[in-house]
Amino acid sequence: MAIPVLVVGCAGKMGREVIKAVHAAPDMYVIGAVDRSHLDADAGEVAGIGPIDVPITDNLEVSCAMVAQERSPGVMVDFTHPRGLYDRVRTAIAYGVRPVIGTTGIAPEQLADLAEFADKASTGCVVAPNFAIGMILLQQACLRAAEYFDHLEIIELHHDEKADAPSGTALATAQLIASTGKAFNPAKVEETELIAGARGGLVPGNIRIHSLRLPGLLAHQEVIFGGTGQSFSLRHDTTDRSAYMPGVLLAIRKVLGLKSLVYGLEKIL
Amino acid sequence: MAIPVLVVGCAGKMGREVIKAVHAAPDMYVIGAVDRSHLDADAGEVAGIGPIDVPITDNLEVSCAMVAQERSPGVMVDFTHPRGLYDRVRTAIAYGVRPVIGTTGIAPEQLADLAEFADKASTGCVVAPNFAIGMILLQQACLRAAEYFDHLEIIELHHDEKADAPSGTALATAQLIASTGKAFNPAKVEETELIAGARGGLVPGNIRIHSLRLPGLLAHQEVIFGGTGQSFSLRHDTTDRSAYMPGVLLAIRKVLGLKSLVYGLEKIL
Amino acid sequence: MAIPVLVVGCAGKMGREVIKAVHAAPDMYVIGAVDRSHLDADAGEVAGIGPIDVPITDNLEVSCAMVAQERSPGVMVDFTHPRGLYDRVRTAIAYGVRPVIGTTGIAPEQLADLAEFADKASTGCVVAPNFAIGMILLQQACLRAAEYFDHLEIIELHHDEKADAPSGTALATAQLIASTGKAFNPAKVEETELIAGARGGLVPGNIRIHSLRLPGLLAHQEVIFGGTGQSFSLRHDTTDRSAYMPGVLLAIRKVLGLKSLVYGLEKIL
Amino acid sequence: MAIPVLVVGCAGKMGREVIKAVHAAPDMYVIGAVDRSHLDADAGEVAGIGPIDVPITDNLEVSCAMVAQERSPGVMVDFTHPRGLYDRVRTAIAYGVRPVIGTTGIAPEQLADLAEFADKASTGCVVAPNFAIGMILLQQACLRAAEYFDHLEIIELHHDEKADAPSGTALATAQLIASTGKAFNPAKVEETELIAGARGGLVPGNIRIHSLRLPGLLAHQEVIFGGTGQSFSLRHDTTDRSAYMPGVLLAIRKVLGLKSLVYGLEKIL
């Protein structure tokens, strides 16, 4: 039976992609759409795929109640803001709706609260900072390569509207690799940085990240491992927001079989 | 205790690298060196690292007997020709010397014979077409990515003294991915190749390989996976023959704990 | 004084970009918009930038007459089909409107006719198969590199909705380099193509083109020159149709100073 | 008639390459070889190409006198140290021998002295910090691209034995581009560097250089230009010291036709 999906933040950039992807998937359907803007407009129209007979509402509770009336257990997808997230997850779970959360910037203590709440309710919940499967595969392959290579550096390249450097994803990649506890990049010679910053930003694990910002670029990350006589490079390019949808659909399918909160798409790959 | 290592083909390009690497490793030493050329010359001198007090001989049997007299079990490393390989392995095993074989072009039936022989003797033996750990990591990461991506192509770039295209390693990568049984690269549109060969060489698994040959290049392989809105690329560059040595040293250490023939470095990573 | 611009094919993908770009440029404005669809709709609305008070019409002659009444000489931009192009250019020139043509697939004899017509009328006209300035710079840099390097290969990568291989632009790059008359890629060894097509498609100049087609890719071209101990690679990535607009705006500004037909953006860079 | 060439620093890494390249070129020959080490040894033997009947000497003056006795005007190639360079050039010119200087680290005032000396003697002299033709072509193409693109960043990647960052060549590329006087990389958003150095080293022209150091790498430089919807990247890879030889041979041929000191290989391309 098809999975009913409630999309919170349905009028946002990611929300609209979720509406499109869920509507197009054969094993699920959009049952509700929540946003503070575009009230009463058709969620499909707002997403640019024509009417799907789902009016946008700002009442999450009523929406969850509606999902609960479907014959199959439902899923709530939330790509919005950390503010109010705890309450939204609580509401969803109270109605037996499983949350799939792509909202970023959640504080660690809030995440712990959510995990505890999902655990008590024995309800599956997926929270992930990144739904691009290719990026998760890159990170996992890096973790493996880090066992055999002692040297690596990270380059991340983004469009020039991105204010922060390095990117959260590049930092997450570095932290994951550093979590092996290995001391990377032992120096062969004493380095001199003639111009401050030339050697990039140093993060735990003694790993350097280099951030480029240029118009015409989208979102790219490259990790280069170097060893005697060889190098191994892994690169992920995101060319469109649709890149995240296979990961979101995967999470929607997998969350139904979980009994607690799972953090990171890699846990369900 | 340090591992005594016998290097067959010690005057060849790879053999000289093996002499250097084994001599430099703290947990092993060169006990013998076999070649048909440079007889009686010092193997270290021939390898360019100065004398190591190991004269080159063409008598494998005597060399194996010498290894057998050491206090620790020894290893024979062979980067030569498939011709005579079966006899060399047999001789080594007869003396309790474990073979590590990097010789390429071994016929499948010969490989089966070697496996049977090693198995009967309960003696470890490692045969691998590629000892570059980075390349093995690339291939394994590709195998994993192939679970989630349906589309990929392979580019391999080599110096212009390489006659065959595609490279054996690129072909091996394609075959490994194809072994998943998945039908890759389903077409979205009907393709027209306006110039024959533009779309590359098609190998089983519906995978295309593109081979470039240029002076100034060394040995490079890139696998590009494409999915909606994203691509994931893995690239391995070999800049020097020393790239293979960490893999050879790893095999020397691991073969001592094996009881049969193992094919492929990935099995012992 | 600002330049009045008439956009033919204004409801097409490129036409809408032209409407946006011309409207945003400080030194020009959209005076008219021609298309067979979206009649009477506002060209700005169709382009997604809100109303600009320019209704779409299918009457090119009336539109040209309107341009002729402006105080400054005007320009017609045409990104449509070769069919009818000669008549459209004739009409424009008859009203003193300078054509900037991005329509591809024009037959050589038709191009010659257009050139003759523009010449007789002493009216500037720009026809270009590619308005991406970066690609023109790549091609010009290749032409220069081809003086010093004897070896090169071309890789072009596109999304999997592109049916033809190789791409017209890659072919144009190869033809430009081949036009030097040099015999590129002299072989060092006798090559064996174990799998047909592995070495790519061979075009005049003895240049090989390798075409990749994958979802997640956009439009990319890479030219790799190889020489003893070095390689020099040039890569152009198009991530959005807006890439062509700086070239279109440049042509609009330059065509006013011309007296005949100019083919190729490189002529006015 | 073939050009007699005197190689100073013939036993050094670059000097040995020069010996090899000059000896192999059909239109020139090694007439003399100067070094402080390997005295009396054959310069060809030291370079690894077998005897060429040119003993190494430490007497530059005698060597120059010998060149002067040849029927064709000769050239002195010097890849050594800045110390004593002025005297060596003076000696060479006194004997009518044209200097081709690849020695790096020459102080600006010393360079001015050399220029004045060459000028007074009406004798050609070529001084260049980089003889890799591909790199010169890259720099020239960047200069051209900088006319049309407002945004660029530079990445340079080297082996981990290189102590200084950024590389002199990357810095030279940035300085060349900055010399256009253009203010590059106007910011679209206010940037925040969460980790110091992440955004690279800032050099005049508001250009950022990112330096990577990894084993397995050789010498690589990439310049990425970004514009709306497109990027244009130029990359040079040096895989062997032989990369510099075509540039050295070119300078040897061209210096004979000059009457003054020329700085930079680009001036004679």
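First chain written, first letter: the chains are A, B, C and D, and each begins at residue 1.
What we mean here is this: a contact is a pair of C-beta atoms (placed from the backbone, for glycine too) under 8 Å apart; a residue touches a chain by one contact, two chains touch by 3 or more.
These figures come from a predicted structure and were not determined experimentally.
Asks: Is the number of contacting C-beta pairs greater for A-B or for B-D?
Replies: Between B-D and A-B, contacts are more numerous in A-B.
Asks: Among all chains, whose Cα centre is located farthest from the one for chain D?
Replies: Computed centres place A farthest from chain D.
Asks: Which whole number of Å gives the spacing of the CA centres of chain B and chain D?
Replies: 38
Asks: Please set out, as single numbers or ranges, the residues of chain B touching at least two other chains.
Replies: Within chain B, the residues that touch at least two other chains are 216-217, 225, 227-231, 237, 239-240, 243.
Asks: List the residues on chain A that touch chain C in their complex, please.
Replies: Touch list, chain A to chain C: 216-218, 237, 239, 243.
Asks: Where on chain C does chain D make contact in their complex?
Replies: Residues 132-135, 137-138, 140-141, 144-145, 148-149, 225, 227-246, 269 of chain C touch chain D in their complex.
Asks: Which bits of chain D are touching chain A when the two form their complex?
Replies: 151-153, 155, 157, 160-166, 171, 187-203, 208-217, 224-231
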